[in-house]
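Before anything else, here is the set of structures, which you'll find just below.
There are two complexes below, and they share subunit A, which is joined by subunit B in the first and by subunit C in the second.
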Partner chain A sequence: MNAAYEFVTGPLAWLAWGIFLLGSAFRLASMYQLAKAKDAPSLAFMSWSYSLRSIVNWLIPFNALGWRKSPAMTVATFVFHICLLVAPIFLVAHVMLWDQFFGVSYVTIPDSVTDILTLVVIGACLFFAGRRFLQPDVRYLTTGKDWLALVIVLAPFLTGFLAYHQLLDYDLMVILHVVAGEIMLAAIPFTRLSHMVFAVFTRAYMGSEFGGVRHARDW
Partner chain B sequence: MKRTLPLLLLAALSLACVQAAFSQQDMKVLAPAALGKLTRPAAQFNHDPHNEKAKLDDCVICHHGGADGKQDKSVSTEGTPCADCHKVKSVGKNTGLQRAYHKQCIDCHKAKGKGPVACGQCHKR
Partner chain C sequence: MGIQERLIEDVGLRRGVSRLTPEIIEKIVNAVLKGETGARLKTYAETCMRCGLCSEACHYALSHPGDPSYTPAGKVHQTMSVLLDKKGRVDPEAIYGIAQIAYTECNLCRRCVHFCPVGIDTGYIMSTVRRICHKLGVTPQYIQDTSHSHSATVNQMWVKDDEWTDTLMWQEDEARDELPGLRIPLDKEGADIYYSVIAPEPKFRTQLIYQAAAIMHMAGADWTMTSEPGWDNSDMCMFTGDFEMMGRIKRVHFESAQKLKVKRIVMGECGHAFRSIYDMGNRWDAWKMSPIPVIHSIAYFWELMTEGKIKLAKKYPGPVTVHDPCNVVRGRGLHEKLRELVRFLVDGDIIETASNREHNLCCTAGGGVINCGPPFKNVRVAGSKAKADELKATGVKTIVAPCHNCHGGLEDTVHAYKLGMEIKFLGDIIYECMEKPEV
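Right, the complex of A and B next:
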């Protein structure tokens, strides 16, 4: 157990963070090169104000037309993404590990609250899965890559919940939890999860084109 | 009845004394009053059996002395609660109480490759 724990919280953790950070930088750089080669004029149109206008407007729930079309999906999307980020970043145990390994410490959220946030993430994952199964148009567009992204995100939250409550084999569950989190980090640049890195640029691109070229709103 | 009450009190008192003197033998978990209401299950720590199994004969390995921000490993302080020297809220460079426990326990388990290192192995539900 100790050797396995040392390995997954040591070398494997460095590897996962390395793949996440360097991989993301690489994907962004190559996307920029591609844009420059294939669509150089669009880069000239990139504008800070139109970019920010689009980003801000899409960040407001039900503001963009796209959000108003399917209210349930909109609520699930916003709640899911907020909990997805807040729960792991401000979790007592995670902050404690930052402190243990690097001596850095910051505010935390009580375990009773993060417990609920975790259940919300798991619930939202099930909602997204149900939607992919049951809604014909979404089902038609769904590929294996979508399922993969969903499973990769669900895994660390499910195993984290089971480990915290010490359900099933604890020793196995913490190891699985750490590995699942590392898989998620490493998968961000190379799967559907890359929208975490690309989303702002996608919006900036759309916002600039609609604002500067078509003189229209893109939300 | 008149005589049984004082006797009972005396018995209770002596039991309490014995308990205090040998309490580390019965110590199964750590729940120092200084930490107040715990947010996690109290950490497993079966004092004497732990130290026997881990072959820790020298009390000073854990019960060190020191003051004014300097640890003194030549003075042993068994019987003095960690909380007497490690405040719950760490002041300046002094190690806070929770950190003191975690550092002492986990660092050794890591170094020895044996003993609990993950949260739930100590804070057992």
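Right, the complex of A and C next:
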């Protein structure tokens, strides 16, 4: 077990972070090259201020028309994304790892709180899954790629929760948890999770068009 | 559920599909995807989270509750997603349905933009699907006919050159009975304003030219119209996906104005033509914005109002509701000017529809859908049920709609849902209410 733990928190972690960071950089760079080659008429309209205007307005819950028309989904989406970022970044055990490997340390949040955040992420994933099963329009759109993305995100939180509460074999769960987290990182550039990399640009373009050319709100 | 269960016979689509083979399709689809699209389409296809938030946006979906195949992402799912996933390897029958969705079940109105958190432009995707269908030669017959007319005559309605000038002189003649000093100045070099119309005006809405001339006359405007091709600012090629022709007719239009060395173009109350000169046609011709300033009638009338150049003899009896045409509201933000103008012209309140200003519901005629003609009229009217409900809830008798296409669509909607409402152009109201000298 120890050797396995060493492996997943050592070389495998380097690999996962490498794929995530280099993969994202590569995808961004190649997308930018493609945009320069093929989307010059769109690039020409990009504007910092209107991009920001759009991004900020969409980050305010219930501000955009779309958020207002689907309140449950809005709450789920916001809460999910916030917890998804906050829980792993500020978890005591994760910060300890940073400290152990790189000697960097920063604020943490108490485990009892992270525990709740984790449950919220799991709950939100179940909510998204429920929509994919039960809501006709979402079911109609759902493809294998969407399920894959959901499972990839759910796995580290579920295993983390099980490990923390020592509900099943603790050692195994920790290893599964680390691996699941690494799969998630590595999957970001190459699955639906790539919206983490690209959505800011699609949003920015829409904001620039609507702000600079159409003189209308895009939210 | 889905397009295969609601295919409608259309000569143009049928004939186009009959000439296709899977090899031709694969070749052309990939030629367009590789040659004409790039990061924009790619990121849209990849980052669409299939979340369904946009379902609430589309009047087609709202008018067909429970049928997800009418939602924005649902339509992309049946069209562009198929072409991308199968890398263009689809059979001719599938193209029929794909074309029917793209041409007749999406108005390119972009309302869904207000619903998509990641900023996906379904209108752009559907436009690109149309581009592919055009290249495949699969276009609805009626709209293709108008597109042919653009190619042959540089106007949408097969109006011959002499018929055009004839019509203008006829309207001038008529109007001089009422306003003796009125002229429709042709080819006046250096005029402040070049007034442009769409071809349906000389063809069957000549009163609009009359009214515009009367308003220009009373406002004392220094204006002109061209006697040469280019007078028509409309553009059905933009909607069929014939972008080469779109570029050509826009160039003729702009150059005819440049030749007359006018200061700017004022265009009539048309929405789609505005999209063509302000958004799509100019970009195809590699002009970031239009090469000569162009303003829509709403903005022009608003200027006349603020400068005190429209003097009213009476106000139009309200209350009224305002229909916001997508292309000048979501496309140019003219909604507040429109309301200021209506408040000036109308005695009584503006009773807003539930979805108003940028968030308006489309008339369901736009994006060339009405131009696909009678075979698709019933679907179109069925798709406007959501709009009809909103109009009905206002309880008023008058809709002010500053767009030709919207008029066509709303007339059908008002009739089909027995709304008993009249539909007015701004020009109708201004002409009716402005001071005119006694003859």
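We adopt the following convention: the second predicted complex is superposed on the first by the 219 of 219 C-alpha atoms of A that agree within 3 Å, B and C clash if a C-alpha of one lies under 4 Å from a C-alpha of the other, contacts with A are read in each partner's own complex, and residues count from 1 in each chain.
As a convention for this text, a contact is a pair of C-beta atoms (placed from the backbone, for glycine too) under 8 Å apart; a residue touches a chain by one contact, two chains touch by 3 or more.
In this text the structure is predicted, and so the values were computed from the model without any measurement.
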item: Three-chain arrangement built on subunit A, subunit B and subunit C clash or fit; value: fit
item: Partner chain in contact with A:Leu85 - subunit B first, subunit C second, else both or neither; value: neither
item: Partner chain(s) touched by A:Gln100 [first = subunit B, second = subunit C, both, neither]; value: first
item: Of subunit B and subunit C, the chain that contacts the larger number of subunit A residues; value: C
item: Partner chain(s) touched by A:Val174 [first = subunit B, second = subunit C, both, neither]; value: first
item: Partner chain(s) touched by A:Asp39 [first = subunit B, second = subunit C, both, neither]; value: second
item: Partner chain(s) touched by A:His165 [first = subunit B, second = subunit C, both, neither]; value: first
item: Partner chain(s) touched by A:Arg131 [first = subunit B, second = subunit C, both, neither]; value: second
item: Partner chain in contact with A:Pro110 - subunit B first, subunit C second, else both or neither; value: first
item: Degrees between the directions from subunit A toward subunit B and toward subunit C, using C-alpha centres, nearest 10; value: 170
item: Which of subunit B and subunit C A:Asn2 touches, first, second, both or neither; value: first
item: Touching partner for A:Leu141 - first (subunit B), second (subunit C), both, neither; value: second
item: Lowest inter-chain C-alpha distance for subunit C and subunit B in the superposed arrangement, angstrom; value: 36
item: Interface residues of subunit A shared between complexes with subunit B and subunit C; value: none
item: Subunit A-facing residues of subunit B, complex; value: 39-40, 99, 102-103, 106, 109-110, 113-115, 117-121, 124-125
item: In the complex with subunit A, residue positions of subunit C that touch it; value: 1, 36-40, 42-44, 46-47, 49-57, 61, 66, 68-69, 71, 73-74, 77, 113-121, 278-279, 283, 288-289, 329-333, 335, 358-359
item: Parts of subunit A lying in touch with subunit C, wherever the complex brings them together; value: 31-32, 34-35, 37-39, 41-42, 44-45, 54, 58, 64-67, 69-70, 73, 77, 131, 135-143, 146, 192, 194-195, 198-199, 201-207, 210, 213-219
item: Subunit B-touching residues of subunit A, taken from the complex the two chains share; value: 1-3, 5-6, 92-93, 96, 99-100, 110-111, 163-166, 170-171, 174
